[in-house]
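This is the structure, below, for whatever I ask next.
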Amino acid sequence: MSSILRRREIILFLTGIVGGLMIFEYFFAVKETAAVSSTIQKWAIIISTFALGLGIITAFRVHLSHVKKRTKGQWFFSAWLMGFFVLLTVIGLWNTKFVVYDWTFKNVYVALSTTLYAITGFYIFSAAYRAFRVRNIEAAILIVSGALILLRNAPIGEAIWKGFPILGEWVLMKGQVGGMRTLTFVAAVGLVAFGIRTLLGMERGYYGGGE
Amino acid sequence: MTKATYSVGADFLAENLEEILLITTGRGFSFVVLVLSFIFFYIAIQLAKKGKAPKIRRMVAMDAIDEAVGRATEEGKPVHYSPGYAYMTLSSEQGPQTLASIGILSYVAGLCARFDVPIIYNTCIADSLPLVEETLRTAYRNEGKAEAFDPKCIRYQPGQSEYVSAVLGTFQRERPAVNMMIGGLYYEAVVIGEAANVIGATQIGGSANIHQMPFIIATCDYAMIGEEIFAGSAYVTKDPLVTSGIASGDWMKMLLIAITVLGAMLELSGVNVISQLLKW
Amino acid sequence: MAEVDRRVLYWVMFIALAIPFINPLGLPVPITEMTKAVYDKVESLGPKNIALFSIAGGVSAWPEIAPSMVAVMRHLVKREVKIVVWGFFTDQDITVDMITSNVPELSTKYKYGEDWVYMGYLAGGETAVAALASDVHSVFKADKYGTPTEKLPLIQRVKSAKDVDLVLTVDTGSYITYYIRHWNVGKGTPVAEIGIAMQADQVVFYPANLVGLLIGVRGGAEYEKMIGRLGGGTITMDAINISHLLFIIVIALANIGYVMTRRKK
Amino acid sequence: MPYPTDPLILSGVWASVILTLMVYSYVLYKETPVFRFAEHTYISASLAISVVVAYQTLSSNAFLPISQGDMTYLIPIVLGLLLYTLPFREVRWVSRYPLAFIVGVGTGIAIRGSVHAQMVNQVLAAITLPKAPQPIDWFNFLFSLVAFLTSTSYFIFTREHTGVLKIPTQLGRYMIMLALGSYFGNTILFRMSMLSGRVEEILKVFGIIPWR
């Protein structure tokens, strides 16, 4: 039994069938498939939720080893990570309204998510400094288009020259549309080709290569 | 935090299907396009089997991988690889990009195994972990170095910003010589890209997410745009599939360009048959 | 010159962003068409109309979207429009708290259940939006606080998308496209967006009828000006002015440096 | 609003600002134990919160239907548990079943959505004529159309970009740069308001500007 279930063809076939069903449901008005496809999507969410445990195993594998080896400058932080995790998980599963959990959620989790989300503000600045150099015509167009949008978005643009927001508005509403449309379009073409290979079981790169 | 109190059930969809489908009419032509994609792909494969596969242009970013890993070997520093946020699951529409990324990873890991370069893999996509581990394990085994594989090179963080913070820390603590970020990238592209520039890493980036392309181009030494990442894994393994996939994609582009030109001319002369067809 | 230590750039930006908060500049904020369109639409509504306020953005995006959310909500309350609130983000309760504390009329002038109602969190993405468009009552059996829908007169009136006069979707992702597909194209309900800046690029080429769009904090600042009550958006606009000017200056300097180093070679 | 006095809120705002500064010390100075502490605290808290959220998701989406008698939900639970064969060499292959399932769903969703929204709808939008056109609208229509056609021609991989294709592909590259520049500019607005939000928070908590 297990030798049959182990065959790659059967596993790839499962991918093809599930994917094919998702596609079929989208294009055809068959009641039964719509219900099945909705159920399948829910199942996928449930399975993915279970995968979190693998993530925790993966993380603990790394941090336990640091603690065991007393890695310099790291083991203390690994121990803290694991200890705090256990504490907070126990509290959270018991009662999410309990003050320790609620306080950590708002002042550590939400605050640091916002902080890291905003860290991009620094990096985008140095990225612009590096990338926006007039090396050739392409780069020049990139700079002019980016600068016009900057001067449209910040009222200071209009304070400098009345024309900036008008030009910026044109770039945003009309000028960029064609190029953006192409990028959307070609990304989909590549995705569909890759998806077809996956569903037909021909894309083996992802499948761990051998066996 | 609130519980997921309600969600839409299958029974509801089934009951109201007709009304929902009424909203989504207009998929007829899309279906034709999808079927044509399959047909084009089949023809391209048949042509490839007969040795008539069309030539495609070089993919500079993929060719740069060997050189980059070589540099890491010389400097004795690790290679860092990460697939981006990608909605943290393979079951979303970002899933294929993660898969494509893992396909390229299998090639990179093989090179790393061959030259004994450590590889560090940071991710926040929990359900991709089995694939990643198996890909790395197989790559090491194929190089005859199964015992050299250390699963601790895979690091997991439970969210996007968590993953960004861990990558920032990893860069300064372990100083990789190469940073590769390929997959469903979001805001991390510019942060990781610039942080890797600080430590002077060679960077290869790629994504089909349009919104990150400006930043991948701005921060990386080599960029893969859009469909290149999907062709990547087959390209490095010299698989005839790659030319077939790219050729059929090209035919699809040419067909839709032709429809656009024809449609625009007809619309301008007052005939709206093409736009009606597209809305079918 | 071309290779300044990055940290200098970061410190300059950090300090420059702090200055306008301490010492506001108060440059005028001109009104753009997209924002005016949203304002005019809300202005045309009255006590008989129902607006849907859909939250699909997290707390981490507050600096960008909170000013618009508060300003639009203030305008709705001023026009005495009935408001239905629901959302798709797990931390949205904190957002609703923020709005109600900034718009006290929701608890004084408005009666909960009759004039406004908060239905809570919903999972399911596009499927959920599509389902709500055709039948609200089969999706929501009770509001956020557990009161059954039968006891909420306002939600009794909202059976499907057709009962809503304006959708205001707060969005940091793709929910605008879901609402356009299922509420606007499907049912003809007008849809307006409170969004983050990058969405402007994508929404403009989406083939649909969008009432208008508040582009990030800039949209919020314009809206505050139009309702005549300045707030967070207007204050942040100073920081935007300074930082954008800084970008322009730094890009110019980088190019001067680049040209000069090339000449030397 | 006055500066908060409630000890719970006060400790909260100070903790969040100190953690923020710990993270920004990486950018403004360098990687230190201070940053490392913030990083590990964040990941730790987030892991715990993810477990709690996962538990809630499973109870409302899987355990609840099962308790109501819908046994089909045992299937995804079993599939989910099969993922945990991964650490055991002999049965590791079993974990491919749940994966095959997830990959199928993701690929299916990605294909079906992109053909419609990203391909067909874009062609349709490209050929849709302007309503109530002024001369400028005709110009804009033609500009977008030409931009779309030429930049798509740049993405043709199986033909050399010479001869007939030389000028269109060149023009197409310019059009792509115009789009990317616009996107870059808008992203800057978003990122700057995010960062200024954090700066404002720091100034507020330190009492440099009034609480509002």
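Miscellaneous remarks
Each chain carries a letter (A, B, C and D) given by its place in the written order, and its residues are counted from 1.
FYI, a residue touches a chain if its C-beta (ideal position, glycine included) is under 8 Å from a C-beta of that chain, and two chains touch if they have at least 3 such contacts.
Every value quoted in this text rests on a predicted model; they were computed, and no experiment measured them.
Here the chain at the heart of the structure, going by C-alpha means, is D.
Contact tally for B-D versus A-D: the pair with more C-beta pairs in contact is A-D.
Greatest centre-to-centre distance from chain C is found for B, with centres as Cα means. Look at where the CA atoms of chain B average out and do the same for chain D: the two points lie 14 Å apart. With centres taken as mean Cα positions, chain D sits 5 Å from chain A.
Spacing of chain B relative to chain C, judged by their CA centroids, is 31 angstrom.
Each chain gets a centre from the mean of its Cα atoms; for chain A and chain C, those two points are 22 Å apart. Counting partners per residue, chain C has 6, 10, 13-14, 60-63, 90-91, 123, 127, 197-198, 200-202, 205, 215-216, 218, 240, 243-244, 247 as the residues that reach two or more other chains. Counting only residues that touch two or more partner chains, chain D has 23-24, 27, 36, 38-39, 42-43, 46-47, 49-50, 52-53, 57, 61, 83, 86, 96, 98, 102-103, 105-107, 109-116, 119, 122-126, 128, 145, 148, 152, 155, 179-184, 186-189, 192, 194-198.
The set of chain B residues that touch two or more partner chains comprises 1, 3-5, 7-8, 13, 20, 27, 30-31, 34, 37, 89-91, 96, 99, 127, 129-131, 134, 157-159, 161, 165, 173, 194, 210-211, 213-215, 217-218, 226-227, 246, 249, 253, 256. Only residues 38, 41, 106, 110, 113-114, 117-118, 121-122, 125-126, 128-130, 132-135, 143, 147, 150-151, 153-159, 165, 169, 172-173, 176-177, 180-181 of chain A touch chain C when the two sit together in their complex. Within the complex formed with chain D, the residues of chain B that make contact are 1, 3-5, 7, 27, 29-31, 33-34, 37, 54-57, 89-96, 99, 127, 129-131, 133-134, 157-159, 161-162, 165-166, 168-169, 172-173, 210-211, 213-215, 217-218, 226-227, 246-247, 249-250, 253-254, 256-257, 259-261, 263-264, 267-268, 274-275, 278-279.
The touching residues of chain D, when paired with chain B in their complex, are 23, 26, 30-31, 35-36, 38-39, 42-43, 46-47, 49-50, 52-53, 56-57, 59-61, 83, 86, 92, 95-96, 98-99, 102-103, 105-107, 109-116, 119-120, 123-124, 126-129, 145, 148-149, 152-153, 155-160, 180-181, 183-184, 187. Within the complex, the chain A residues that touch chain B are 23, 26-27, 29, 31-32, 34-36, 38-39, 41-42, 44-45, 47-48, 51-52, 54-56, 58-59, 61-62, 65, 74, 96, 105, 112-113, 116-117, 119-120, 123-124, 126-128, 130-131, 142, 180, 183-187, 189-198, 202-203, 205-211. The part of chain C that touches chain D in the complex is made up of residues 7, 10-11, 13-14, 17-18, 21-22, 61-64, 90, 123, 177, 196-198, 200-201, 205-207, 215-218, 232, 235-236, 239-240, 243-244, 247.
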